[in-house]
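The following pair of complexes shares a single chain, chain A, combined with chain B in the former and chain C in the latter.
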Partner chain A sequence: MSQPALINRYRWYELVGIYAGIFVFLCFILAPFVEGFLVSLKPLGLLFSSPYRFWPENGSFAAYYTMWESVPGFARYIFNSFFISTIVTAIVLVLVIPAAYAFARFNFRGAGVLLGAFLAVNMFSGAVLLIPLFRLMRTFGVLNTYLAMIVPGVAFLIPSAIWLLRTYMMRIPRELDEAAFVDGASHFYTLRRVILPIAMPGITVVAITTFIGAYAQQFIYALTFNSKSEYMPLPVGLFAYFGRQEVVWNELMAASFVGIAPAVVVIFLLQRYLVSGLTAGAVKQ
Partner chain B sequence: MGQLNLNRVQKFYGTFEVLKGIDLEVRNGEFVVFVGPSGCGKSTLLRMIAGLDETSSGDILIENKRVNDLPPVKRGIAMVFQSYALYPHMSVFENIAFPLRVEKMAEEKLKAKVEHAARILHLDQRLQQKPGMLSGGQRQRVAIGRAIVREPKIFLFDEPLSNLDAALRADMRIELAKLHRQLKATMIYVTHDQVEAMTMADRIVVLNAGEIAQTGAPLELYHKPANTFVAGFIGNPKMNFLPVICKGVSDAGVEVDYKGQTVIVPVAPQAGLAGRTLTLGVRPEHIVLGTGDLTLKVTPSVIERLGAHTVAYAAVGGEGENFCAMLPGTAAIRPEETVTAGIKVADCHLFDEAGIALERRVELTAIDMGVLDPAAA
Partner chain C sequence: MSVQRSTVIFAWILLLPAVLYVTVIVAYPLVDTFILSFTDASLKKTTNWVGWTNYDKIFNETFAEVIFRTFIWTFFSVSIKMIIGVFGATMLNAAVPGRALFRLLTMPPWIVPMAIGIFMWGWMYNGQFGMISGVLQNIGLSNGPIAFLAHGSTAFWATIVTDVWIGVPLVTLYMLAAMQAIPQDLYEAAWTDGAGRFYRFRRITLPLLVPSLITMSMLSLIATFNSFDIIWILTQGGPNGETTTMIIDTYRTAIGSKKYGEGAARAVLICIFLSIFCFAYFRVTSRLSQGEHK
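Now for the complex of A and B:
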């Protein structure tokens, strides 16, 4: 039997403690998902049966079919969410990559102040600024359009994205920029051909966090700046399952799972680019 | 092509003067090595020549054209970095081709040039690999390849071998010397390793605390160091310094007294030295067992047997500094056993109170001036 290295060896009670800890925290995180999934399998009538049964009796995927009929526009809501988040992510990346490069590499006046200001902006949630934003949107005449949800989303996601990517770019050896500069490359050329490919894992992280952030925060902008149901994103769409008399819990849960599926797929695809060790061989460290 | 002039080049970081007015002329095709301890400003000077660091004052001229305000590529220089600075996501071919791609050179011509450079550096089999798959020596060759495709007037090397292990470093030294002969280009090379400086340079520039301590051919620095700094820096182990009192000056040289022994050191005499304290310098390799013109009783405390040589360290005269001798490999000495060590006056160096050397009367034929100065040959 191969022994693990000394530093990785634990006594039996240490192992029990470690796994017990992992179990407790996993329960906390996963229990709502499990419960939500089980609820989506139960017929509505059985949900409030007493005593409550954790495991569904005559469970079926029926809710996953009926949900499309109870809220006919649901597919559109999923598309809207996905569309808004994708556009927000794309705009954020286009703006943030050169900005993060500038913050990582150039010494310019006010760089520190600006970075501090970005952090400060992050402390306000969009909700605090809803009224001024509403007036702004009205003045520009973009209320009740996709833009009303995209623009504030982009604005609030840029600061943290710059911080994230700047930190990553600072880890790329400066000699690479200098070598490119000595060879006559301009800053944009260097960014495009040298920094961008090497920063791909960092950019992927930024893309994922931005996408998730946009997915999560569009709710509040949608409620405030948009009243057209055809532009509504998923979280608002879920409200449609709250009927006048009752909440269709099983369909609501099914809709939630279906709604986050596209986001999960995107994250899963992007994950491929999270390759570590991409700078191997660049410089001797 | 490839002539470089520095006129009173200065560099300040804030109020701190890193380089204190450097004047230097590098001839076309010369291999010049900047050497000095860390922090002496040698890398800064190189980066200023490259155009990576601003010059605070003074002029940098390449082919008699002031280049202070030109970007590196317009200066006609290429630089090889200590850390190689290869682009990890590009193949060896693309790494070498990078400067040509920047120039937007036609594909045909570019391919021919890259392949030519790869042949010179024995990288033809590696062109499709990524830098991560190469050994340290190969990576450094790729970095050199990226420099040579551009056919610059001047090559700048910033400690290119210091990341390699000792054996590889020796190989690369030979390859670089060959490359210099093959390309006949001007090369400026920064190192803190005096072996690299001595073996590759046509001319060495020794820098100390932002100033040029001495410029000269390797053997010139070894035989005629201009001051105690150069004397101590060039040569390994380091030169021994003994305090002596000047007794008098004559045509034969300067008569000095070391603890009751009086010898005449054959150096250019200077008036007004009598009675002053001078420094006698003698290299470890010039100390022999037995008596000499000057004889010392020493008790070695540590002995290092290197095979070819034996290096013995002893404290002399109670000062903290070690007295060091390099003896034959089979020298019959033991730690803590007092031996007699002899020094010939002809091997001695003499420095005044300010550390400036009194010129030695070295038999010039003995060190062949043709080797020393390529211009004189």
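Now for the complex of A and C:
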């Protein structure tokens, strides 16, 4: 093993301090997951016993079996979550790839203002536009369908996707476009045959971050624009369960863990892309 | 047709789908909100123009209190997020074994569906069986169970802590990226001159982080000001309205009571505040970048 540079050598008490700091920090981040997981293992009777015990006695995975019957639509909710996120991601990519290319390559009048306007959309995500959006969805006749959740979801994921992809495309050398142009390729041909293949890694990152955003944020529109349980995504489906008089906590936690498993798998597989994608633009060049 | 012109036309063709989409789904509703805020729109068939009535009503009711509460809530949430985020980034930036794993472990709160993280907090805050109350009793800090979400003051802080928890991963990773972009030779030069670790952090790291800190605070401010899911799932604005922020109040009025007009007036107020934040942000950043060029 190579020795770390002298500047990075720590004294023993510095090392202790750093690990202690990391430990406290990660405790805060991970405590709800640890507690949630332990709760999912505890039998319901023991769950409501005082005094509080951290470790489950007679822990079992029983809740992971019974939840499928207690939350009848559970498999359907997970499917809905995936389905909605997939369609949202596809639409965002179709809209954003050409727009990001235009912002990255062409100097036209109003480009700066338009980009600023796109980014301003981020300001209004949330409940601010709920009333007119509700009326709009009613006018389109899509209330209580998948579209009622997909359409607003797309709009609020466009800005960051444009920003990310534009940053990536600006790094592709301009000479490539010019060479294609000199060879007589049309603009459209250049985009499709020259730029798209090179930009693939960037597009992948944008697709992943958009998908995660769509998967993580399905709440307010799904809660307001859809009341049919067969179209509910996981968070709203579980929310109905959470709001009952007697919450069956161990099953709720078990269901939550099954619901977040896909996201956790994605983190582990794609973490390298994620960190670079999500923090791009953190530092001005 | 000149090459120049065909390029501009092509650029607009590329932009058109995204522009149209955002116009219909964001810009039009925004204008509609302004118009609605001057009407008595509701479930009734007819809608009348009522002028400033909705705004008058807002200020006659307890809304001033709601605005004040929203600002306090946002202020504490954003400040705590930034402090913990910078602390976490500093720790994760240390060149110690295992740091790749530690970085990975900071991500879950932000990657998993927000609502599910909030359910877990809902259990933790439970007075009889939850972890926090349980641990406090076991170590003797509390004599009896504390139902955090049942009392105004504790519910207020409980919702802030959950909001911080969801926001911290992004702040941490962002600040970490900013720290890693600081040229290593600055540290080496200071080190050669005998500057200690803490001195280097205070005189090199912190000043160079200022632009990223401002950007992140701004993004965080907008997200926190608009925060809906956490409060809605944990307390629905209660108890006694003590966790009712502007967004929650808007949702209640517009969707709960179907008073679209009055809800829209509240939404307009939120938009105005958000615009002021953005304006302030651009003023500060432009002043900062001017300072750099001098």
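Going forward, the second predicted complex is superposed on the first by the 252 of 285 C-alpha atoms of A that agree within 3 Å, B and C clash if a C-alpha of one lies under 4 Å from a C-alpha of the other, contacts with A are read in each partner's own complex, and residues count from 1 in each chain.
Everything that follows uses one rule, which is that contacts are C-beta pairs under 8 Å (C-beta built on N, C-alpha and C of every residue); 3 or more make two chains touch, one makes a residue touch a chain.
Computed from a predicted model, the values in this text were never measured in an experiment.
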Contacts of A:Tyr168 with chain B and chain C, given as first, second, both or neither: neither
Which superposed partner A:Phe225 touches (first chain B, second chain C, both, neither): neither
Which superposed partner A:Phe211 touches (first chain B, second chain C, both, neither): neither
Chain A: partner with more touched residues, chain B or chain C: C
Partner chain in contact with A:Tyr77 - chain B first, chain C second, else both or neither: neither
First, second, both or neither for A:Leu176, with chain B first and chain C second: first
Touching both chain C and chain B, counted on chain A across the two superposed complexes: 278-279, 282-284
List of chain A residues in touch with chain B within their complex: 173, 175-176, 178-185, 189, 193-194, 197-198, 278-285
Chain C partner contacts - residues on chain A that touch it in the complex: 4, 7-8, 10, 14-15, 18-19, 21-22, 25-26, 28-33, 35-36, 39, 47-48, 50-54, 81, 94-96, 98-99, 101-103, 105-106, 108-109, 111, 114, 117-118, 120-136, 151-152, 154-156, 158, 162, 187-188, 191, 212, 215-220, 224, 234-236, 238-239, 242, 249, 252-253, 256, 259-260, 263-264, 266-268, 271, 274-275, 278-279, 282-284
Touching residues on chain B, where the partner in the complex is chain A: 50-52, 71-73, 77-79, 81-89, 98-99, 101-103, 130-134, 136, 139, 146, 150, 163
Chain A contact footprint on chain C (complex, rising order): 6-8, 10-15, 17-19, 21-22, 24-26, 28-30, 32-33, 36, 84, 87-88, 90-92, 94-96, 102-117, 119-124, 128-131, 133-135, 137-138, 145, 165, 168-170, 173-174, 176-178, 181, 187-188, 191, 197, 211-212, 215, 222, 226-229, 232-233, 247, 250-251, 254-255, 260, 263-264, 267, 270-271, 274-275, 278
